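Two complexes come next, and they have one chain in common, chain A, joined by chain B in the first and chain C in the second.
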Partner chain A sequence: MPKVARLHAILWGVFSMGGFIAAFLLPVLIYLVGIAYPLGLWPVTNEDPTSAILNHHHIGTLFLFVTVAGSLYHGIFRFQSTLTEVGLARAKRALEAIGYLIIILGILATAIYLLQYNPSFFSLP
Partner chain B sequence: MSQDVATVRVTRYRPEKDGEPFFQDYKVPYRKDMVVLDALNYIKANLDGTLTYRWSCRMGVCGSCGASVDGVPKLTCASFLHEFKGRTIKVEPLPHFPVIKDLVVNMDDFMHKLVEIKPWIIRDKESPPEEGEYRQSAEELERYQQFSSCINCMLCYSACPVYGLNEKFLGPAATALAYRYIKDSRDQGKDARFPIVHEIEGVWECTLVGECSVVCPKGVDPMLAIQKTKILGATNALKSLLMPRGGGK
Partner chain C sequence: MIREWTSFFVAVFSLIYIYELSLFASGAKDSALALMRNPGIIAFNVLALLFTLYHASTWFYLIGKVQPIKLGKTTSKPWQALLLNIVLLLIISYAVIQIFIVR
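For the complex of A and B:
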């Protein structure tokens, strides 16, 4: 009797949400940090974009974390699909492990940076 | 009407005689309204009676004349010879299926999958005919209508690189048909179908290549069915996690 792959379904849901984030939030972040700020289009005076996002409201910290973590997770899931498509069945597990290690490190580094920048994140409403 | 001559290169394979499949070229005179299937019929009738292939309706309905035409899975009855003018037309058996003879492939795997997803309306309790029809609105019909156009031609399986790598993958047509019944307002068989489409080698193997939808001769979008089935699976899994007492139904 076949069995519903619940864990895989939930992970796919996270991947799908990551795709939404990568498609909609990441371009906003790239525009703010990579285009608007260097070209002087940034509307907030005397503040770099990261500070402007993080300093005024906790939702900015959450926005940065969700955007980076979601995009990274979407990336590794897509990377897995690509490994399947190109038929790298033998090397797949090793490459997947390396990929997951990179994205876990990336997500942890993002979380640590954001908490160091804004240590009151968990203590304030 | 004037006639051109097409060179048709057909895969030949007779397991009882040949160690390996090989190509054989045939010269076929054709008119503008002739299709690849007509060329195969011409070869069989006039040049080589041993050529073996499947066909039936000659009008894109039965789904039995699928082959790889110039490297693309197509219905041979819907591929016009004049589109290949000046080139040799290569006709091969559908990829990803074992070949029985020449262009005839073994469809057993797909047939098993088709039965597995139970492509018929399941009711908890059948009502006697005198109680009337199971009524359905136009909106309810629209939810699944395009997926009911599948003719089981298996072009989508031939175009799917994931099925080519893993034949346990449920695949495009079977999922599209499962989704067709899952979305049918008259059907009550979700509990029977979900374990099949949502098992690890059900929809989750799909990597969203999308070629299945490109090659479908009936305009069905199996990729959409797979994505929608994935969304149903993810939603149900989340519900069962948050509401363990029957939330994931």
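For the complex of A and C:
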């Protein structure tokens, strides 16, 4: 298999994994942090959900990283390829470059912010 | 085509949440929480949840279509994959709430 085709297959494979993450984990995160907390709905009480999740140290930090990074990859990857299908085919290269830049910076930023919040993440529990 | 456009909401919610995490990490927790209480953000989140659930349903149906499972002489139908994965989604969501919020 040519190198480019192999890379393409890997990128679509990661996209597919991100699809599973966005499908199974993102809805509950959106509900907890974006709807239940600000509107005071079940099951959120006084503590905000992000702090509650991050207080579960390793597993909470890992949950947020996997959910946000996987969803970001899936969302941006699909959205930039959709734009090329609706008449922006000429700008395909530029859209891909911008898309991958957002994905890389977004995933790095997520990792850095989570490590800043939980600096002892890599130490044993 | 609607399915493809729902990815926009998946991506934008992720970016907003990364920004919220940055506020948490820099110690500006109150600003992060005020952002999530903004009516515009809440309205966007409601839309994002609806579109994400639609996105998930079409994804589950697609899995059943692309990779049907053979059990003896019968082959699974896409709606069966959809149903099974929706049940899985509910179990996982409940587990996340139990582990991180209720306990």
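To be clear about the criterion, the second predicted complex is superposed on the first by the 109 of 125 C-alpha atoms of A that agree within 3 Å, B and C clash if a C-alpha of one lies under 4 Å from a C-alpha of the other, contacts with A are read in each partner's own complex, and residues count from 1 in each chain.
Note that in this section a contact is a pair of C-beta atoms (placed from the backbone, for glycine too) under 8 Å apart; a residue touches a chain by one contact, two chains touch by 3 or more.
Keep in mind that what you see is a predicted model, and the values were worked out from it rather than measured.
Novice: Using the superposition on chain A described above, determine whether A:6 touches chain B (first), chain C (second), both, or neither.
Specialist: first
Novice: With the two structures laid over each other on chain A, which partner does A:34 touch: chain B (first), chain C (second), both, or neither?
Specialist: Second partner only.
Novice: With both structures superposed, pick whichever of chain B and chain C touches the larger number of chain A residues.
Specialist: Comparing chain B with chain C, the partner touching more chain A residues is C.
Novice: Examine A:71 and indicate which partner it touches, taking first as chain B and second as chain C; both and neither are also allowed.
Specialist: Touch partner of A:71: chain C, not chain B.
Novice: If we overlay the two complexes on their shared chain A, which of chain B and chain C does A:85 touch? Say first, second, both or neither.
Specialist: After superposing on A, A:85 lies in contact with both chain B and chain C.
Novice: Identify the overlap between the chain B-contacting and the chain C-contacting residues of chain A.
Specialist: In chain A, positions 82, 85 sit in both the chain B and chain C interfaces.
Novice: Touching residues of chain B toward chain A in the complex: what are they?
Specialist: By the definition above, chain B touches chain A via 161-162, 165, 194-196, 198-200, 202, 204-205, 207-209, 230-231, 233-238, 240-241, 248.
Novice: Spell out the residues on chain A that touch chain C in their complex, using ranges where they run on.
Specialist: It comes out as residues 19-20, 22-35, 37-39, 43-44, 48-54, 56, 59-60, 63-64, 68, 71-72, 74-79, 82, 85, 102, 106, 109-110, 112-114, 116-117.
Novice: Show which residues of chain C lie in contact with chain A when the two form their complex.
Specialist: So the residues of chain C in touch with chain A come to 4-5, 7-15, 17-18, 20-22, 24-26, 29, 32-33, 36-37, 41-42, 44-46, 48-49, 52-53, 55-56, 59-60, 85, 88-89, 92-93, 96-97, 99-102.
Novice: Residue numbers of chain A touching chain B in their complex, please.
Specialist: 1-10, 12-13, 16, 81-82, 84-85, 87, 89
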